[in-house]
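Order of writing sets the chain letters: A, B, C and D. Residues in each chain are counted from 1.
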Amino acid sequence: MIRFALLGCGRIGVMHAGILARLAETGLARVYDIDEAAAAAVAKRHGAAAAASPAAAVEAADVDAVLVASATPTHADFIEIAVRAGKPVLCEKPIDLDVGRVRACQEVVDAHPEVPVQIGFNRRFDPGHAAAFAALAAGEIGELLHAVITSRDPGMPPRAYYEAAGGLLRDMTIHDFDLARCCLGEEPAEVFAVAGRLCDPALMAEIDDHDSAMVILRTAGGKLCHINNTRAAVYGYDQRIELHGDRGMVISDNNRGHNLAKYTKDATASRAPLQHFFIDRYLRSYELEILAFVAAVKEKRPPSPGFADGLRALLLAEAAYRSVKSGKIEQIEA
Amino acid sequence: MIRFALLGCGRIGVMHAGILARLAETGLARVYDIDEAAAAAVAKRHGAAAAASPAAAVEAADVDAVLVASATPTHADFIEIAVRAGKPVLCEKPIDLDVGRVRACQEVVDAHPEVPVQIGFNRRFDPGHAAAFAALAAGEIGELLHAVITSRDPGMPPRAYYEAAGGLLRDMTIHDFDLARCCLGEEPAEVFAVAGRLCDPALMAEIDDHDSAMVILRTAGGKLCHINNTRAAVYGYDQRIELHGDRGMVISDNNRGHNLAKYTKDATASRAPLQHFFIDRYLRSYELEILAFVAAVKEKRPPSPGFADGLRALLLAEAAYRSVKSGKIEQIEA
Amino acid sequence: MIRFALLGCGRIGVMHAGILARLAETGLARVYDIDEAAAAAVAKRHGAAAAASPAAAVEAADVDAVLVASATPTHADFIEIAVRAGKPVLCEKPIDLDVGRVRACQEVVDAHPEVPVQIGFNRRFDPGHAAAFAALAAGEIGELLHAVITSRDPGMPPRAYYEAAGGLLRDMTIHDFDLARCCLGEEPAEVFAVAGRLCDPALMAEIDDHDSAMVILRTAGGKLCHINNTRAAVYGYDQRIELHGDRGMVISDNNRGHNLAKYTKDATASRAPLQHFFIDRYLRSYELEILAFVAAVKEKRPPSPGFADGLRALLLAEAAYRSVKSGKIEQIEA
Amino acid sequence: MIRFALLGCGRIGVMHAGILARLAETGLARVYDIDEAAAAAVAKRHGAAAAASPAAAVEAADVDAVLVASATPTHADFIEIAVRAGKPVLCEKPIDLDVGRVRACQEVVDAHPEVPVQIGFNRRFDPGHAAAFAALAAGEIGELLHAVITSRDPGMPPRAYYEAAGGLLRDMTIHDFDLARCCLGEEPAEVFAVAGRLCDPALMAEIDDHDSAMVILRTAGGKLCHINNTRAAVYGYDQRIELHGDRGMVISDNNRGHNLAKYTKDATASRAPLQHFFIDRYLRSYELEILAFVAAVKEKRPPSPGFADGLRALLLAEAAYRSVKSGKIEQIEA
């Protein structure tokens, strides 16, 4: 069993705490949050100890690994604390909103090559998405030609969320940039993006953010990937990927809580709603992400997705923002 | 938290142990199995104590409730031990293969009306099936006219299983008899059944059992329910119910591990396999069954399905066996 | 081009006239109906000639074949007229409601073995159903174990219809009895049936008919087939067959006019309605039935389904009625 | 009945001839093709007369309307002949590959405002697509936010086809540009496009064409539409549109010839193939397009889509080609 220090006890941290306590392969030993009461509550629920500081949590003798689920501006600092302490670390995305800070953190990570670092792009582990990537890897759909990623949130987050999130493309699309790299099977070289204010134009204009986007990525080999995003799909959390190869296509479609279909005179074949949001839809992928991290730690293999993947996704977001401004397809920084 | 004594550590017992240890509302305190090593292993995995006898497990001071998952011939005895000890009990189906033994057990249960007894017809709690029953109860499909239950196992169990199971209609169809009562919304009055030997005719003839069946139930009001069963559906565990009312229809369809569809030149739109067997398909219904039991215990309500439901399903199986022999529609004992 | 005499210009006759005029392989030459105005209207629309009598229509020199779509009591007479005139005949089901009349007609048919006679069990030709039978014939699902036929009309026909129809099992279920023979791949030996009055109990009791039925058929080899029927499925015309073999299963599901799915906050994924009734759902199967008849005529092969198939389906209905009365599984007449 | 002159008897012309002969509302009176034998064959099959020239066909006294299905370079000339003869004309897309020629033709059309001119964007009439547009128009999905059009041909056409087609965006994507205008409900103002050579790179490079494309359209109001195209989807002709509004979403999905699903050990739930190509998938939309034209002619209404729609789609293709070259989002000519 790998015992974890959990840094951050907000919505995502609470979810991770539950998983760490539940899985046979993991345990929750130490908990830290800037809000002491939040940390104490999580510690109590799962029989863990609250720590006075991130370093105290990380360095505790009964801690084998670190899970960072705190606010984004702390991610890079906490990765560095963990790496310097020689503790494997699984950090929620994004590493940081600033490429310079990420590159500085990378130097610390690179200086400790023996310490595993995994970035929390959990959607790679979604059973349907993973089966799509596996079909591609196994040659079942031949050579990839193009891919389509549909990624829509079920409703506008609160205003405070936007102010910390770093912008639609760095906060939400970044998951899709990571998935796009898996879909394409080779590195995107160029990106074109448009971002819009369609769901709540007044708020978006006021805080200079966007609630809608469409993106096209192209690799050096000419493979194409389209991403569409919106913050507010009233019908639910819509998460689909589609890989079209020269020998076939796979679609990883949405999940539902159950498979009841209703047939009446007026509404033929209405079905159960889509799973509400990421904690429903991607719960299994969060579990599988942690299990993959644990396996890498035990087998002393570099985990995947690693630090470099976190940087790549951020560079895609940066290039996409350049495209939004220029109206041109933009090169992605190497 | 309700702390359980678990009696029986076979395949089903091991599954229940995992659920009891995992849920926040439940704990696993004591474990008993006739095979001491099996009990010890389960106890160790979940930090529980192995007990020397069923009574010792049930009567332990740190035990609030009992879950019976042992071999069928022990069910009635263990229910009686629990009831006499004043401990609420959730017992796997069937109560017993012999109606006389069930009626005798019922006298003990009836003599302790304050002790909750729930029978493990977990499929009622399947989210899709439960949504179908809820639609019926809410009048969304009007008055029920007829129902169809498809219930097919993915492969023949080992020979030893048959020898203890008590026959197809008492072992497998009994789940569907219970579901049929929920589907119909009123008590079946008559049953017609045919049972066959189609999957492994030689084995079935040798041990005088059946591997296939078709059943029709009719209520006093003329409502109809069809059940079809087979032990060996090579394509997977096929579990569907369909309720047809005078204002609409609902179908609770199978689940899959994920929703990947594959389109190739030869096999258009193949999909992920069905969930393999009951521990995959009905895991959530087992959890919800336990949570419903816990809620009834806490709120001091009679749980549902109760002891009487266990008896009704067995009486349906008995009448069905009479029909198999007579070739006639048979009355169900009141 | 095969030129037809059409006998009968009611709802079905009008549909057949349209197909005969439209297909390149067929033409409509002569038209007869007891209602002269009806015949004249059909003749005018398609450039055919109205005939003064069935015999005149059949015997006209420009008529190659006969399509009988008149009222049931005339079917046997018209088959005999056609056969005696040496003209191939495609006759709507049922041949007659009386087995004795059918057997008498069979003698005439048998006395003219060179004249092709096809009975209008058009559902065999439905592309989905036919693909299911083809998969069975090709061994793709192995040996058949059991089959389920769901056959529900979208609403109660007018009272006058019932009075001529001959009873639910002879009028509606007879299609399913024919399909069941295709599904099972061997002759049913026994039948159990229950028939009920659930949609309009008062009317059904008054005219001594039924609006609902459930049937189980068993072959000598033990293969099973379930049929469920209702006259009034408010959600539409529900026509499905399911074949379960020892190596796989096929389901031929309903069709819709198009494949639009709608996702809103309240009704997730409602879809287009089912095709309304048999003239929508089975239009293609009527065309394919006529094309199969034309091919048999041209190639001088006995058409299928033939006269004997019409008799078998009727004998199944007769045995089913005996079962409804006796409450027993009944042998089917050889 | 509206009697047509059909100009052009190639693959599409032959299909149109069949429809015109079959529908009760239409008839085929005159046929012209540059290949006299082709015209003679079509004329003979449907009882029409072959004409010696386009003008002779159009001007014949028994011709009420003209259907142009000839090679693209003749479209504008034939529209002018029909318009000048005062005969309503339904012309296959595109009007011409050259915007100048289209504008010149428009002058002739505008000079005869009483003569109906419809352009053959038949996909608007597809029952599923039309139901999607109707849902949008009825407010069922609220205000449109973004749309996704998937349009993939089942295989590479022969080389000769490419040489006449005018390039992927003018030949294939032009249908999707027209659909995009329907999806968006307002005029696109800007377009970004990438075009690639992924299916047959050598051939595409040699003839300077493309076999793959991804496009993003944006209206002045910020609404977005994505189109993806490929010439060679091995799994079949893939035609889907998806409209995402602020109150719901609709998806018009592919059709299949029937709805058989097959479940086996290895390939769970494979389904019937997609309809093979446009003559299968869009046959009904071609019929409905002709019926809409006939209705407009009879009711003396301007038909839709009209000449101006044909020009708009071409201007979208032109702007898209500018974007392919510039790598920038390009303004669409007013």
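Note that a residue touches a chain if its C-beta (ideal position, glycine included) is under 8 Å from a C-beta of that chain, and two chains touch if they have at least 3 such contacts.
Note that the structure is a prediction, hence the values are computed from the model and not measured.
Visitor: Report the chain whose mean Cα position is at the greatest distance from that of chain D.
Guide: Chain centre farthest from chain D's centre: B.
Visitor: Where are there more C-beta contacts: A-D or A-C?
Guide: Counting C-beta pairs in contact for A-D and A-C gives the edge to A-D.
Visitor: Please work out the Cα centroid separation of chain A and chain C, and write it as a whole number of Å.
Guide: 57
Visitor: Centre to centre, by mean C-alpha position, how many angstrom separate chain A and chain D?
Guide: It comes to 41 Å between the two C-alpha centres.
Visitor: Name the residues of chain A that each touch 2 or more other chains.
Guide: 234-235, 247-249, 263-265, 272
Visitor: In the complex formed with chain A, which residues of chain D make contact?
Guide: Within the complex, chain D touches chain A at residues 142, 145-146, 148, 150, 152, 192, 194, 196-199, 212, 214, 216, 218, 222-224, 226, 228, 230, 232-235, 238, 244, 246-249, 326-329.
Visitor: Which part of chain C faces chain D closely enough to touch in the complex?
Guide: Interface residues on the chain C side: 22, 24, 45, 126-128, 131-132, 135, 140-141, 247-255, 257-265, 272.
Visitor: Within their complex, state which residues of chain D touch chain B.
Guide: 234-236, 263-265, 267-274
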